[in-house]
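Structure first, then comments.
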Amino acid sequence: MIIVMQAGATEDQITQVRAELTQCGFDVHESGGPGKTLIVAVGGKNVDGRDFESLNGVGRVLQISSPYKLASRLINPEGTRVRVKNVEIGGAEIILMAGPCAVENQAQVETIARYVAQNGAKILRGGAFKPRTSPYSFQGLCEQGLKFLQRAAEQNGLLVVSEVMDASHIPMFLRYVDILQVGARNMQNFTLLKELGRVNKPVLLKRGPAASIEEFLLSAEYVLSGGNKQVILCERGIKTFETYMRNTLDISAIPALKQLSHLPVIADPSHGTGKRDSIVPMARAAIAAGADGLLIEVHHDPDSALCDGAQSLPPGHLFGLMKQLKTIASSIGRTIAQPVESATAAD
Amino acid sequence: MIIVMQAGATEDQITQVRAELTQCGFDVHESGGPGKTLIVAVGGKNVDGRDFESLNGVGRVLQISSPYKLASRLINPEGTRVRVKNVEIGGAEIILMAGPCAVENQAQVETIARYVAQNGAKILRGGAFKPRTSPYSFQGLCEQGLKFLQRAAEQNGLLVVSEVMDASHIPMFLRYVDILQVGARNMQNFTLLKELGRVNKPVLLKRGPAASIEEFLLSAEYVLSGGNKQVILCERGIKTFETYMRNTLDISAIPALKQLSHLPVIADPSHGTGKRDSIVPMARAAIAAGADGLLIEVHHDPDSALCDGAQSLPPGHLFGLMKQLKTIASSIGRTIAQPVESATAAD
Amino acid sequence: MIIVMQAGATEDQITQVRAELTQCGFDVHESGGPGKTLIVAVGGKNVDGRDFESLNGVGRVLQISSPYKLASRLINPEGTRVRVKNVEIGGAEIILMAGPCAVENQAQVETIARYVAQNGAKILRGGAFKPRTSPYSFQGLCEQGLKFLQRAAEQNGLLVVSEVMDASHIPMFLRYVDILQVGARNMQNFTLLKELGRVNKPVLLKRGPAASIEEFLLSAEYVLSGGNKQVILCERGIKTFETYMRNTLDISAIPALKQLSHLPVIADPSHGTGKRDSIVPMARAAIAAGADGLLIEVHHDPDSALCDGAQSLPPGHLFGLMKQLKTIASSIGRTIAQPVESATAAD
Amino acid sequence: MIIVMQAGATEDQITQVRAELTQCGFDVHESGGPGKTLIVAVGGKNVDGRDFESLNGVGRVLQISSPYKLASRLINPEGTRVRVKNVEIGGAEIILMAGPCAVENQAQVETIARYVAQNGAKILRGGAFKPRTSPYSFQGLCEQGLKFLQRAAEQNGLLVVSEVMDASHIPMFLRYVDILQVGARNMQNFTLLKELGRVNKPVLLKRGPAASIEEFLLSAEYVLSGGNKQVILCERGIKTFETYMRNTLDISAIPALKQLSHLPVIADPSHGTGKRDSIVPMARAAIAAGADGLLIEVHHDPDSALCDGAQSLPPGHLFGLMKQLKTIASSIGRTIAQPVESATAAD
């Protein structure tokens, strides 16, 4: 941390800043030229540098090292592989997680589960508790939805990921799902994150629509610092002035996160765009940029989907996408499971 | 709702869209010219128009009426006044809510409570549960903090507002606070909002840093539709490309919210800027733009504050601000309580 | 400037960075702890710190001092007053610049000029060359429009400000206007800015919709470093995710610019909001936040305006606004010219 | 265009709106239910719908058809191929444009030209006139730089693209370059765009950092409506709240632009990220998303580059990238020229 004192800072003020830093365990060095004092603090506790901005005489506080520690690539330069049963996320194989936006009924989720399994997915996604912007939108089947998901996944050799909206639901989720998803709107629901830090199953953490990369990694740090080391990061689009897409999928965050952190990074091109025509090209782009997996909404009959049908991939498109992804993956030395021969017939 | 069909939409597709709309209770009219079909839907259920985007042949969906109903100005053109004991928010009198960012100890909160009461505040604010970006930052005194707040408020004839971070904490909060605050990061914590809809105390709802005005009002709608009609909206800054301030306080949202909704609107210039020097001018701007109140962080010794000292108003500044606000309020026919004679001596 | 070397930077790399800095005239100091080298450079030429990011072994470059010099408050802590004939911008008196969005014909501009003069405006604004997003929108009356403006201003004792879109038009503008306006879209038209640096009339520089405060001041620096010291800054709204307004008027930029720079700062609530209902509250907010003046679009018959009628203040509203602004100005020790007795009759 | 009248709009107001629309050549239909009047206007002139927002009684104006016509995909559903000598942009072959950020001297540009030609580039890029945020940064070699570029290109069988900053420079540029580039900061320099509409050489138009997709296509429309049909669109990053990258390269704009417009679309991952480590993954992502070409900064010695060295690809990286791009291109049925056998030796 570097503290740039104001032009007219007094000796007393400088002394006080040094004292506060020393108290936090920092080694303190002074630098700068005439009328410009810099206090360089090395080591010390994990502190939020902004807390020092309020000291008298302080001009600016510049943080040199990242405020997250356990999420940093320095912890594990090889990169972390999150293992769930027979699936590994963060290795050479790119993992597809796919399924409906919302679980609607048993038949629907079973049809889609069979379809995505035949096309190479390893993990079934589906919303049972749905965070909806409007209170008048469909809010999900709740526990019944989780049961449908679990059964459909078992029948097709898939794992289950689903969004948990509240810390009080965690015990219920642990009975039905393999990976607990934190939605974008809950990325800074710290009560939820802290509870997930005590859980023995992986957490798929989505980036909030206004979260900087640093804030995103600090939310991962909440889970990691609680003791749960199995966190998967998911880029799903940020809010920008551009409104043509529902969000702007920040593809550049993928290589950035891979460089800054050891955690696996996947992308969600469905929520990231909100437009069916954009899912396939953005899925290709995410893999080309280095993503470890994809989270894609698929619906066998998107026109009658109860929610977000517009951003679901219709039957038949997934097969072609997986073929393209195999080639793209090979360009960077990676692999991805392919559809079974009869998959196209499933349409 | 207007549904613009794609150029080549078939008769069958148009018929299906009409059928779906009729099923949702809409009166359906067809319009448009050659090769351009518009389906105009009036009345009907509260639906999310985007759900219709997935129907075959649909080009775009344009929503005419606002998706929120209970939050709309049309419900109560006079404007709602939220009454809490002897304080009314949304009337001619502008209300100051002030206090420390975080409750640190009993002496601190009592000193500040006395100070803000002498300067015209009606409500004491203070964080007992603190949502912090980093898990390594001070997280608050929890229930003990609420007790300190309540005692300090009682001693000084103030009401209490404090942030509740999780639905499970609501019963505890109801014992200590007069207004339950929902923080910006929890604006779309729908589990929390739904629970607050069943509570018999007012809710102060902060705008999320990436929330559009419509999304903000839809979050208010969650509380209102649960039965709790006492919602106060709070603008506290949005995320933009500009990083000089921690957030960009969206002053223009104040008149917009007053026009679109009947709910009282207040502003938080402390979090909205993150810079001490900006609090006073932005507080003046918010009142000039029509805000019904202010939420301001005040600290008697900001240099040693455990959190966010940089955005707290130091002693003495509040007195001058209140004098200025009295004049500004008078320019638009409003009033604001003034410091007692001896207030300056409190510094 | 502080250069943070990468963790594994070699002695050779550190030596090269020091050499480059010395060559640019910096005094160089080394700091940091084990495995963490910081190079602190003081003094030196005006350089763009990012140019040093490409040197081998460099991790980050942190600029301590502002990259603008002539625009900095340090140059003139008292604040600069731009004087044009009998008008002074940046003094205690708040200055109103008002007029039509586009000059349409002689009668229109004369009617509006008389109206704004009666209501306290000192400067007549009006577009003769119009930068329009679409090539199919009205593009302005060009030189004829400037002539209309000049005549209408003279008849009413007003000065003229109008937007110059291209460096080649400057000589023509110098014949007709008192202040040359640079539009938001041209804020980084450096050819234009350099030419305006050689001009002997004030420049009103609008902030670009994606320009940071630093970029804005660097554009002012282009004009100042060319020798023209008379620059007026104008906040007119930035692009954000919020689309309810055409732009988000960044009121917080007003006190920030006043603190960082000695140049006068005005606000344009018409373009900043694009909504007629928001002009009056946002004009009040700008003055309350410390703006030195306002640039407001006024039209005597906004419903038939050829461009941007939606953001023009209709007759009668200006009178009421000026009365409110007088009171607000007094709260911070400032003044503003008031409407003449008969002004309301002008409606 | 659909005009939604306000709830209380009078018959007179509706009549006036209809009259204005009819005067602009629209076929007008009325629709809506009780107390909700919609006026649907089909056909008519190219108008900016916002101009109708100011009419009395108008609530909102919704534009159905795109405001750009000549840039729309409807004009040429096959897609436009821009041909320059032996190079075609927009066909099956992906085109690489590469070269230094700024032309520094003859030796530098010749070294880089040879290097990029050997690695498969068809077009040499290089800045002779540099738009720099700070007036104190290197501003380019001007005409001398264009001469260096032209000579280096000829020696290596390349075409030349370079940025023109002002309309007055166009005649000079026509002597030296094959494609005239409009920089992001000049995307709405309408004087420049209009002049380029009269030129007989292709224009490479970069998206402004705050330009929506619609605004971008309207700027292309300025050139197209002037008669110049050879426009190449270039995505180069937008301003968002995320500051880790200099800009956020909006990969999703690539498929969106391809769908909305017939014009070729390329991407600039150098300016789009500002970080050397991100160029390669983002170049791959852009091609995977469907870009017709890339504009990449390459420098044989980036550590001593006079500008933007941090965002230049160092020698050796281009060779590997081109190999990866060949595979990615094949996944979507496209090709890209490959490095010559001896290219790696050029490092």
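Letters A, B, C and D mark the chains as written, and numbering starts fresh at 1 in each.
Simple rule for what comes next: a residue touches a chain if its C-beta (ideal position, glycine included) is under 8 Å from a C-beta of that chain, and two chains touch if they have at least 3 such contacts.
Note that the coordinates shown come from a computational prediction; the quantities given were computed from them, not determined experimentally.
Looking at the partners of chain C and chain D together, the chains they share are A, B.
With centres defined by CA atoms alone, the chain at the far end from chain C is A.
Look at where the CA atoms of chain A average out and do the same for chain B: the two points lie 27 Å apart. Distance between chain centres (mean CA atoms), chain A to chain D: 31 Å. Mean C-alpha position of chain A lies 40 Å from that of chain C. Touching of two or more other chains is recorded for residues 210, 238-241, 243 of chain D.
Taken together, the chain C residues at the contact with chain B in this complex read 210, 212-214, 238-245, 248-256, 259, 272-273, 277-278, 281-282, 284-290, 323-325, 327-328, 330-332. The touching residues of chain B, counted against chain D in their complex, run 2, 4, 27, 29, 31-34, 36, 38, 40, 42-43, 60, 62, 64, 239-241, 243. Residue ranges on chain C touching chain D, taken from their complex, read 45-48, 50-51, 53-56, 67-68, 131-137, 165-168, 185-186, 188-192, 194, 208-210, 215, 218, 221-222, 225, 238-239, 274, 276, 302-303, 305-310, 312.
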